[in-house]
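You will see two complexes here that share chain A, one where it goes with chain B and one where it goes with chain C.
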Partner chain A sequence: MLQGWVIVVTSFAYLGLLFAIAYYADKRADAGRPVIANPYIYSLSLAVYATAWTFYGSVGRAAGDGIGFLPIYLGPTLMIALWWIVLRKILRISKRNRITSLADFVASRYGKSALLGGVVTIIAVIGIIPYISLQLKAVSNSFAILLHYPEIVMPAKVAAQPVLTDTALWVALILALFTIAFGTRHLDAAEHHQGMVAAIAFESLVKLLAFLAVGIFVTFGIYNGFGDVFGRAAADPKLAPLLTPLEGVAGGYASWVWLTILSMLAILFLPRQFQVAVIENLDEKHLKKAIWLFPAYMVAINIFVLPIAFGGRLHFPGGNVDADTFVLTLPMVERQELLALLVFIGGLSAATGMVIVETIALSTMVCNDLVMPVLLRLKRLRLNERPDLTGLLLGIRRWAIVAVLLLGYLYFRLAGEAYALVSIGLISFAAVAQFAPAILGGIFWKGGTRRGALAGLLAGFGVWFYTLLLPAFARSGWLPISLLEHGPFGIELLKPLALFGLAGLDQITHAMLWSMIANVGLYVGVSLAGTQSAAEHRQASVFVDVFRSESGGARFWRGTASPRDLYSLLARFIGVAGADAAFAEYARAIGVKWPDEELVADAEFVHFVETQLAGAIGAASARIMVASVAKEEALTLDEVGELLDEASQVVVYSHKLEQKSRELEAATAELRAANERLKELDRLKDDFISTVTHELRTPLTSIRAFSEILLADPKIDLAERKKFLGIITRETERLTRLINQVLDLAKIESGRAEWRITRTDVREIVNEAIAQMSQVFKDKAVALNAHLPARAVVVEADSDRLLQVLLNLLSNALKFSPADRGRVDVTVRESDGMVRVDVRDNGPGIRPEDQPFIFDKFRQVGDTLTAKPPGTGLGLHISRQIIEHFGGRLWVESEYGAGARFSFTLPLAAAPAAQQGGKEEPWLQTSARS
Partner chain B sequence: MAADKRKVLIADDEPNIVTALEFLLKRAGYDVRTATNGEEALALVESYLPDLVLIDIMMPGKSGYEVCQRMRERPEWRHIKIVMVTAKGREAEVSKGMSLGADLYVTKPFSTQELIAAVDRLLAVGA
Partner chain C sequence: MAEPEKRAPRLVALCMLGCLLFNYPILALFNVPAAVFGIPVLYVYIFTAWALLIALMALTVERGGD
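Moving on, here comes the complex of A and B:
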């Protein structure tokens, strides 16, 4: 039997299970092996969106409005499409700036304003109180109903219950203790509560299972499937209208639109949603899975809402059973004890999930953004001198949790009967929607100012209070009902439910319209009309440009601070261990061995300390504390602008510098190469000049010496005189030849030689050369033969130069041919469009190692130990230059001891139009006398 | 008893220059031997033991520098006067020759009168 104690024990057992899960997850987190670092858990934790309102209230709304319950779930599903843009940006900003709460986010964006943080906190707390009371109502009501099993008895009116026996109060207190145990066991610099997240993910599963269980039971147990339920509903004249979408919702289109918008904003800005989606997020990538997992959850938990709603209406046609309770009463009426208990646990789960996360988020905001800034400013308290403030921080949070829950209970007693669950929830949605302009504007529009945000928030909140909260109190009797009927002091235009005459809308739509007009209007208007401080400007950049820049605003700081002061500041708020860890991490990152070496308190370091501090006490408070420790100089907006300008100029300049230096490097490399070439040429030139000098001086020496000898001694005998004069003459000739050749070479190499290119028959040149040399060949008794082709062999060449080459080759051949038995053959041949001339001798030949060098300037070969061969050493070099100038090649083939063969080729001239010399001449042979 | 004729060694790969120097020195009253390359010159220093050598730098095989260096390495030849007679006339080459131990450096073409006078002078000093 479902007696009281059974229910209570089961409840505590469930809460104990949640606590155990949280404890285990926290232990794992401390060990560095987080359980929740997983996109599925992240997505499930997001499902804390579905509270007891979803669990009980959806059915309640569906029973009255049919499909009209859907917009509240449509909103988040639509928002998913925008999540990737909006939520990801918020995530990135929060991680980078170590944002710890919703209020912290807003405060940080608008220049780390403590005032704004405080305002957001107050709005959030007041706005969420109805929502919390809703949960309390759901749990206490469901408990009361279950207690009467098997009878269905609706809970008594709240006001009738004395306070101390009011279940709701006890639920509130127990939940407060539970939440304290969950979320305030220690301070975490990043405000992570991994245990809480694990427990929330678990409870998301539990409530889903419970709802599916009862859904399946109603649809397939009581009735025969979807078709059956819907069929019967359609048949019932009271229920049929519920099946048409727009009829079911009061206010038609407008309502749908506003409700959807409202829930889109709620999924982002409810403090608990911000906490699990942004603060507790461990990895940005988890967002990708959440984008489809979360809608899937929404679908699953809503599938059976309509069947249960219709089932309830059909089962309890009298209307005396509150539709909000169908989920519980249907299994009860069918005597399903276990299922009813499961449903109760499911509802409890949904409620506790919401309460835990919401109050932890709210308490963090109250502590960091409301209480601490005030306390820090009260010099009387001398908080600067207390070494350890962690205890104070935890204490503030714990009291905040208790206070929020008690306020929730208070609202429940005062105004909880005025509306159905759904409406209460929507009031809270409308409250947090007031954050939308300041936040969404803040992350996309750099122009939003602190004053603008403040004005918008206050205006929006004011309208919200007036159009939603006041009527609730009026309906509960705490304010005169004439307020609603005739407006304040009888001013009809200011009727809370029909401001300025705008009637006919449902209350939520009406409130949303006016509050958004006021909020957005003032936000934009005041921002545009005003100016930003330097801090705001900086933070605006940091937020809006978060995807573009890498570092935070560390540059914008000027002041002096001692590392020791910063250390003790940090230790005060996050403990000595935390400060040590933070300093060590920073030192490691910049490569300093701390504490051996001192850390320098530059802008980067101070920024680092401030962000660490912000993780514990919020950005605004951290700013205050750091500013008090470091003697800062305020940066004016101009200076910030200048800094930014300078920075961008520096970037442009350094790009230009890089480019210039690269160009310079390339030019330097080229110059170096050119220099090397020049040096090489210079060296060659030096060598050439020194060799020429030497070659000129040598014959001159002989000429001078013998001339002087002859002059000094007239009595030299005739034989000697003839000998000496002969030497003089020969050396003079040698000198002349050398000078001529050097000049010739110089002309050819510098390109100043005159070339008279004509069509020349090679055979004629050969014959001419032979004719000129025949005498000297005869003198040395060396045979000279020519082998020429019968047809003319015509090349385009300078005939004198070609003759020069042949004379050179012939004289070399003669030089090296042995006397008396020497033999030189000249062959002229045509092949492949070239003419080839060979001059072969049967002299000693040329050694292979000498062969590459004989065409070099001044090179002469012969036995090293014999006398220097006559000649200048330039002949072959010049010959090669000449042949190459005509487009040919000159080379030698020789085997040492078997003579040498010098060959050159020249390209044949193209055949002329007219044939040259028709006669075929027989093979010519000229021979010198042997 | 007439003083022993001083011995002079000439080393140059240009035969005409050798001829001219030989004539000049013989006429000046010296005993002359000739070589046409560095190896030959060193061999003759060894066997002939001249009092003075006239060496050209640009010779096939061992150059005049090398000959000079080798001669200065041997203590028993340190007394031999070395005269470099060469077409190489740049300052760097002159100082190289002098630093290797030459007593005199003469550039071609030289004045015959001056050369003989220098040889006389070098061989007059000392015993």
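Moving on, here comes the complex of A and C:
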């Protein structure tokens, strides 16, 4: 038997546990060892998105239209995929500018406008109130139902109860006290509430576990698994349409799409989501895990929604049990006392989590962006002269929390009965969606102006108020219902649910359509029509270019201030200890021993103080306060523009510098390579000269020796004399040849050789070479055979040079062919657009290890000490140079002991006409390389 | 490693994929009175596609450095 006191004690024990967790986390944070500094706690704290709406309301919605509840969770998943771009940017901006709330963000973006901050705050408070009332309704209803355990009794209409006996009022007051204890114990300059985050993460676990427990109980305890539940539902004629629900539901796909968009925006712009995702974030890197962990959480908490919904409908076919309570009533009717209590605690954690974070976020906004800017402007309050304002700030926030919760209760009394949980929540979603144009536009588009944002917000909010909030009041009888049926003053065109005659849509789709048209239209239109002030221009650049520039807004400040004034200003708002810590931090950063040495109140320092202050009282108020102690010179729009241009020019310069240095590196590498090559060439030249000198000296020595003999001994007989003179002549010839070849080589290598390129028939060259060599071949009795094709083989080449190559190859072949039985074959073939010429001999061949070197200068194979082969050692090298100049290749194939085959290829000339055979007139062409 | 630079466009692509999967007309293809293991096709499809999308998002953000 569940007695009332058991439920109450359990609830308070649970709240006490939460408080203990928060206390412990705060202590750990103070000690510098935060428990929440990990991505898992961050992801769990994001799950504050799942409120009593999710816990009780999803089932209620699913019982009515099947999967109609799912866009509320699919939308966020889609938006979270974009978080890496959108939320990361918001995070970076907020951290750099010490943004303390959603209102602060908008105000700061549009030139630190206090007016805009106030408007956003009011919209947020009014917009969120229905949402808070939803939580109160859920908690008080579930309490009332559980109280009658095991009977299932639906709670009486609230309006029938006196206020003081209404559970919801007590729930509201207890939650207000609890939140005050949680969120406003002390003032944190960065608005971090680490204890709260830890408690919220814990609550997310509790509600998930409780919901999974009911889900498993219903699906596998009452029924036999998913198939069984759905099977029975399909058999029920009333439930069967819910299994293919998309056509049946009002609005169908259009409603589905709008709910998706709405929840995409809500996940970013609900004040509590902004609070946990942005303000409470300790490390941007936590985003990585959250991007998939948080959606996974949403999948988990939604898996059992449909089975519970169908189970409830099957269990309570009469329709006298509110579908929003199935999560609780199913365990109750099955007499699961403990499970029912667990569900109640789960629902309580879902509701308290939402209420705590939402009211803390709203109270920060109310204090920083609504009340303080007004108080600070009221001169007669003399706030400027008070030494310590931290007490005042905390007081405002505490009263704001109480006020928000009481307003939530009021809404619950006035309008809460007319709607199901989800419908109440959607009204709030539509309200916060109005922030989307100003914020998303603000971080990606520099052109958005303060007036544009203000106009868009007010128009969007106005339409929302007219099309969603007024009907809610009218339906609950607080306004005449004729307003809905016939429009105000009987003007049909202005009916709140069918504005300008747009009928046939569901309420949310209708409201979103009109409010977004008004909001986006005015935001863009007014922004484009007007101009920005200097401050707006500056902030636009600070926000939009947050990833591009590292510095904040310091460079935009010009004026004078005294460090002492700034210190006392800071101390008034964040306390003496906080101010000391902040000054010490700054002094350490710039390397000054404060307080022994004075700090200089330069732009950087004043900006630092202003950001610190912004962390406590919001950007707009901080701006006013700093302006009150510093003599400032206003920057004109032109000056801000110049500063921005300078900054962007610096970026351009640095890009240019980077590019230059890259180019320089490349040039250096090239130079180094060129230097290496030069060194190599130098070495080669030295080698070459020493080799050439050596080669020249050999014939010279022999010429000189024989000349000296002839000179010294006149009595040498004629035969001997003839022989000596023959040697001298041969050596002189060799010397001439060598010198010619060296000159030739020098010309070819330096590119100064003259090439007379003509169309030449290779066969003719071969015949010419054979004709010239035939005598020497006969002298040595070596056979020389030519195998030529029948058709002309035309190449573009210098015929003299080509002849030179062939003569060289033939004389080489002859040189190494054995006398008498030697045989040399010359073959000319055509293949693949090339002509190939082979010169094969049956000499001793070339050793494989020598083959790679025989084309080098002065390289002669064989043992040069014992048997110096005839020739200069330049012929093959020059031949290869010539062939390569004509685009061909010269190489050798040889097996040692079985002769050698020298081959070269040349590209065939493109035939100008079908000229076959016969000698053509060679036409002269100047070589490009000469 | 080019991974971190490609992360943003990949996530945008996943978001677009999600918009496609959870919308008319793909959604309508599964809005039929048929069942897999007794569970309506539409529900099976949505939850499977959802889980798959999240798995791809996890893969995209967790791969390759910061």
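By definition in this document, the second predicted complex is superposed on the first by the 641 of 930 C-alpha atoms of A that agree within 3 Å, B and C clash if a C-alpha of one lies under 4 Å from a C-alpha of the other, contacts with A are read in each partner's own complex, and residues count from 1 in each chain.
Everything below uses one rule, namely that a contact is a pair of C-beta atoms (placed from the backbone, for glycine too) under 8 Å apart; a residue touches a chain by one contact, two chains touch by 3 or more.
None of these values were measured; they are calculated from a predicted model.
In the superposition on chain A, contact of A:226 is made with chain C only, not with chain B.
Within the superposed three-chain model, A:234 lies in touch with chain C and out of touch with chain B [touch as defined at top]. Applying the stated contact rule after C-alpha superposition, one finds that A:491 touches neither chain B nor chain C. Chain A has more of its residues touched by C than by the other of chain B and chain C. In the overlay built on the shared chain, the residue A:80 is in contact with chain C alone; chain B does not reach it.
Applying the stated contact rule after C-alpha superposition, one finds that A:706 touches chain B and leaves chain C untouched. By the touch rule above, chain B contacts chain A in their complex via residues 13-17, 19-21, 23-24, 27, 36-37, 39, 58, 60-61, 87-90, 107-113.
Across the interface of their complex, chain B is touched by residues 690, 693-694, 697-698, 700-706, 708-709, 712-713, 720, 724, 727, 731, 864-865, 867-868 of chain A. Of all residues in chain C, those touching chain A in their complex are 7-8, 11-12, 14-15, 18-19, 22-24, 27-28, 31-33, 35, 37-40, 42-43, 46-47, 50-51, 53-55, 57-58, 61-62, 66. The touching residues of chain A, when paired with chain C in their complex, are 67, 70-71, 74, 77-85, 225-228, 230-231, 234, 240, 243-247, 253, 256-257, 260, 285, 288-289, 291-292, 295-296, 299, 303, 306.
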